Amino acid sequence: MDIATLLFSALYQFGDAFAFLVLSACGLAVIFGMMGVINLAHGEFIMCGAYVTASTAHAGLPLPLAILAGTLVSALVGVLVELVVIRHLYERPLDTIVATWGLSLIATQGTLIMVGSTMAGVGTPFGSFQVGAYSYSIYRIVLFCAALGVLAGLYALFNWTRFGVLARATIQVPHMAAALGVDTRLIYSLTFACGAGLAGLAGGLYAPTMTLVPTMGATFIMEAFVTVVIGGADVFLGTAPAGVVLAVIKSVMTSWQGQLFGQIGLLIAVIIVVRVLPKGISGFVLRERT
Amino acid sequence: EGAIKLGVLEDQSGDFAAATIGKVHAIQLAAEEINKAGGIGGRQLELVIYDTQSDNTRYQEFMRRVLQRDKVDVVFAGFSSASREAYRPIVDQLNGFAFYNNQYEGGVCDGHMIVTGAVPEQQFSTLIPYMMEKYGKNVYTLAADYNFGQISAEWVRKIVKEAGGKMAGEEFIPLGVSQFSQSIQSIQKAKPDFVVTLLVGTAQASYYEQAASANVNLPMASSVNVGQGYEHKRFKPPSLKDMFVTTNYIEEIDSPGSKAFLAKFKAKFPNEPYVNQEAENSYLAVYLYKQMVERAKSTKRDEIRKVIAMGDVCMDAPEGKVCIDPKSQHMSHTIYLAKVGADHSISFPKVWEDIKPYWLGEAGCDLTKKDPMAQYTPSNPPPKP
Amino acid sequence: MALLELHDLNKHFGGLHVTNSVNLALEAGEIHCLIGPNGAGKSTLFRLILGEHHPGSGNIFFAGENITALKSFARIHRGLSVKFQVPGVFKGLSARQNLEIALQSRHRGAELAQEIDRLLAFLGLEAEQVQTAGNLSHGQKQWLEIGMAISLKPRLLLLDEPTAGMSPEETHMTGEMVQRLNAEGMTVLAIEHDMAFVRQVARRVTVLHLGQVFAQGSIQQIVADERVAAIYLGQAHA
Amino acid sequence: MRKEVILSTHVLRAGYGGKPVLQGLEIEVREGEIVAVIGRNGVGKSTLMKSLIGLVPAMSGSIVYRGQAVELLPPHKRARRGMGYVPQGRDVFPRLTVAENIAVGATIKGDIPEAGRRRIVQAFPILAERWSQRAGTMSGGQQQQLAIGRVLIADPNLILLDEPSEGIQPNLVQDIARNMVELNRSTGVTIILVEQNLDMIRAMAQRCYVMDKGRIVASLDCAALDDQAEMRRHLAV
Amino acid sequence: MNGLVSLFRSLEGSQTVGRGPGFWALFAIVLAIACAYPLFSDGYTVGNTVYFFVWVFIALSLCLIWGYGGSLSFGQTAFFGIAGYGYGVLTINFGSAYGFTFVALFLAIGMAAMFALLLGYFMFFGRIAGVFLGIVTLAVTLMLERFMAQTAGPEWRIGSARLNGFNGMSAMPPLTIPWPGGPIVLIADIGLYYFVLGLLVLVYLGLRILMNSSFGNVIVAIRENPERAEMLGYDIRKYQLITFVIGAALAGLSGVLYTVWGQYITPSSMGMTAASLPLIWVAVGGRSDLTSTVIGTLVVLAAFQALTIYGSQYALVFMGVLLVLTVLIAPNGLVLGVMNWLSRLISRYRGAK
């Protein structure tokens, strides 16, 4: 086998792992990094995005629009959840663990009752291509590009726009932001919606490639949490490098010794990184300034 | 004498719900039929149903409850092998009587248990030689990384070797994993003639869609998919094209017995997405229990086991004729080879009748003589007497 | 022998040289005030002395022992104690519990309760003793933190702006308290911007500017120093 | 002609967890005035400031600002109507840079107005020097300057200053006082000042409320601050 | 007499709710009822109550580490699992004669504690805090689960004990008291009930003493402000580590008792769900108080079980709604909220008199 083929396959595997890590994590990272809320219902927002995407696609919407629909509906559900529940818990972020755990129970079982135990898939578009001895799914490349796009978009949104500054201010000292004229409730709603929408986007993007069941969100959770933690509190400085580091570890370990080692490698990476950089990668990047 | 009580512990929510809700419905259907026809030996059959939520601890809680509080005569319980192992010590301790109506990795040698599901020797001794003959002797196994997957893979390895084939590779996937790009590439690298997929749980089923979109295009063989998780109904064609499954029942089986069963099932539960092999196992188990109680004239386990020991507890199930093996208290089955077409339609290139669960008996489990209340595996067989 | 000696302490934050070869010797039994413009590095110096920050170079001697490498708690055991600039009370606990935690290593049982009562009375927080410390007013928190700091009966007490947010009367009281503690044998190093306080208590004053010792002397000398007036005091105090 | 009343409270009661700290408090501030509020620790000065901006809800009574009752408005709406608040203890956004802190202060303006920016960096040169340092790592006094600058950027009509001199070097206290007075002269901004530093009060305020136990117990001319006996009567510890 | 008074005094304090003769009278009544009721009840109820009690220890461990100490730990189930497997491996290898099961109980708890010592040293001396602590512990837990799940093969055995992968380990002997007239086996019935109840009372009272001691004060101080605590001269790392190890031992006790109760232990006891459940119980009860934790855990367990029995497919939805409502309505936890409300009511009543 020639070097180019090997190289491409390594790159492809890396990109694939990177996309999954980053897309799984972004929504969680926004909600945790920005609001300090540990959203245990993150997987259910992903499931919501996937379900809406699949059902609108079944109804005849072209896939990109269906994914958009999934994203938007998740974001709307996010607004609702924020209004009804999360809003009352900013002062005590640890309680959000309980509340979002409760929400996740409601969402999973509610979906099972209302939609049934499974949903038909939509099929992966675009087909495959061949490099050397291997054939690859084109859609996986799309996922990788989507992950890059999401990272870039988020970075721009939170660092270059007024919304980003206000959101970060609101999270840090809410009463002071309010006293300076920031409508903190709106900011909270929008931020949470953004996180929920990103989760929905991940669900929508992966919907064509996965089993659609009410508990599907669970398969994203570990990767999501690991990425967020390694990234550290600052979402934008952290998530991208964390995605890179973890994707390398995961794809190398998996290709070397199989999926179990890929997973255990991830978990060991968490422990080592946190030991070496107790505040995650972004904490390290910012260490001079804190 | 009052009603006969049958406890039902099945996962109606959580991870396994998709494959197991149908089991509960099948039991309800059978009970209704039996009660309409006069019950079991004149006694009505009463169901005590709990939702175990795909959670092992719920099995432990509710197994105690049905045995001690509800005082049921028999329990039908469990989907995953872990849940079975969770409740088995309690059944043994409290001297209960339980049916495990599931296809599984085999090896349970326990007088308190009857197993109606198919076991590896029934599914693989048929499937693997067929595949090797048809496609070649180079085999790759992709299996769930836990007892069921590992033991099944062990069977595949053994049979492939016996038939003069060779393992091109093997990979075990942790439960809950849903991303397969690397595994797909490993398979392509190994260039097998076909892939044995022993993927369990809804997450792992994502493999098929992902393999199809990467254009892997290899025939697949499985003992667990289609028959349990009806993946051919859930995924868009042609992702399961050329998948071969040995199963003792699926709803596409075109025999009069199957059609009648399916009709009754769909009449009572019109929204049932699919009637899988576990549903049929559960359904026939109720009738089997009826027969045994009527012959034993008792619901006592010891009396019923005396009937089993006679070796002629058989019935005509929707799949065909089935019998209980007295040594292992497992069941012989009609094994269908289901082939998934490009449009996800099912055809049956081959049917094996009366395939026996021979391994436990041959290995040394004989419940008519001794009850070790244990689970064995080919690499950990019963101690020789 | 000096109780506390700082030898050539250097600390950088990124490109910012926050303390620049600071040398300072504190005699046992003195009350020493550290003044200087905002951002001069005074609080940073405290954190270096306490082991919250570690100096890039230089050494810290306390009672003759080099404590530069010790962990914070070990330095406290040697006889240091601090009131920080931003009061760091145990927010979720009552004022009384705050003091209990500070006093419990030196007192037990009924004696502990008495000691707490005495201290509460001394701090004027009797009425607030069951109040959650996080809900105290700013000044009350300052008092509480001072109470916690002195309850360790340290050999060297570090006070970072103890009178911020206090009225002139209260500032004066704090000054008297410091003098009393000093009379009992406690050495005090205080950072203050309130010149009334500095005049009241200080025997010696060190002015820190841009991380360096800018001037040192008696309060009269410092007040008379025009350079200090220019960078720090302004006309009113000159 | 006397100026209009810009802010007044009527039997205002406010506090925490159902317990009022302010017990029927009454103040009246006219446009362009600089009024000081003094009182011992814990009498409720900060609580008064917080309830004026809306961070502590009024239990009863009213707050009238420019002719309209505002006690039911949330803080951000009051800020939008021209109130600015510099809290005690600064409360800068620790993980935002100086620039970003100021941008939040300018939120009701949209962007940071160039004129405003020039004015505050002139008053507090350190802010320009540390424009992209994280606020949490600034020294105490630097943070205080930032907190004041952050409010000035939005050109408020009424500024609530809670102990602005706290932790500020003496010559800068004089500068701040001078700056604020100048601002007051040039723009007519009204200032309510909670202070312990009598020099600063003398340098800034015309009138002085004395507060005790959640009530206003006296309203003095600031000249009276020099009268030791008078002061002791009001502030006796 | 004096000793008794000082004992009671050490049981009360600012860190625990409930004091005075009224509280202890109530405690005695509850204890008396708990002692008497198996005599009037059936085997199922008793066995099921033991099952509930088993989980209280892990809840208390979390209350200690999280509620009092402020370190969010998802790792309690890891200690639970280690001790459970430890007990299984020991007793399957060495049997139950000569009271060895009790030795195994202590050894197994010791294993959990040793593991915690190692992990805790790594974390606390590395100054890992806050959510990061939670995630590291979660990662360790999940790793153990994944690892144990794949030990189905015959090569995974310790002595004669097969680890047995995801299917779990079973057939370990129950706790057995050697007795002249034949050993007494504590299966999940009255015998085990009194044993576990006794342990529960001991642990509860022991923790009350611990938390109201100066040690408890320091633990709480570290939760509130670690920097300040250190500046009062406390080596916070040591205190955190000791708390963590005590908590691990309690979680380990839970694990052994669970294993004994069902003669079964499985990797899913260390899974994500298992790891989050204790958090839920503790948070619902009121995480910063021992009594609330005990009551809260029992209430949630019973409520969830009842819902599962009677709620059919809606059970999980109800549970979710219940959790969300609890958090919204009772910010300090349901039980602690009710207790605080009661004590306010009482003091108002006293005040009125």
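Worth a mention:
Letters A, B, C, D and E mark the chains in the order given here, with residues in each chain numbered from 1 onward.
As a convention for this text, a residue touches a chain if its C-beta (ideal position, glycine included) is under 8 Å from a C-beta of that chain, and two chains touch if they have at least 3 such contacts.
Chain identities (UniProt): A, E = ABC transporter permease; C, D = ABC transporter ATP-binding protein.
Just so it is clear, the model here is predicted, and its values are computed rather than measured.
Graph distance from chain B to chain E, where chains that touch are one step apart, equals 1. In terms of C-beta pairs in contact, the better-connected of the chain pairs A-E and A-D is A-E. If each chain is reduced to the centroid of its CA atoms, chain B and chain C end up 74 Å from each other. Averaged C-alpha coordinates put the centre of chain C at 28 Å from the centre of chain D. Look at where the CA atoms of chain D average out and do the same for chain E: the two points lie 51 Å apart.
Chain centres here are Cα means. That of chain A falls 47 Å from that of chain C. Residue positions of chain C with contacts to 2 or more other chains are 13.
Residue numbers of chain B whose C-beta contacts span two or more other chains: 13, 145, 172, 174. Along chain A, residues 108-109, 112, 218, 222, 260, 263, 289 each make contact with two or more other chains.
Listed in rising order, the residues of chain D touching chain C in the complex are 16, 38, 40-42, 46, 88-89, 126, 137-142, 144-145, 163, 166-175, 196, 198-199, 235, 237. Chain C meets chain E in the complex at residues 50, 52, 71-74, 76-77, 81-82, 84, 88-94, 96-97, 100-102, 104-105, 148, 152. Per the touch definition, chain E reaches chain B in the complex via residues 42-45, 47-48, 51, 146, 149-150, 152-154, 162, 164-168, 170-171, 187-188, 261-264, 266, 268-269, 273, 305, 308-309, 312-313, 315-316. Listing the residues of chain E that touch chain C in their complex gives 14, 214, 217-218, 220-221, 223-225, 227-236. Chain B meets chain A in the complex at residues 13-15, 17-18, 21, 145, 171-174, 176-179, 181-183, 185-186, 188-189, 202-203, 205-206, 209-210, 212-216, 233-236, 239, 271, 273.
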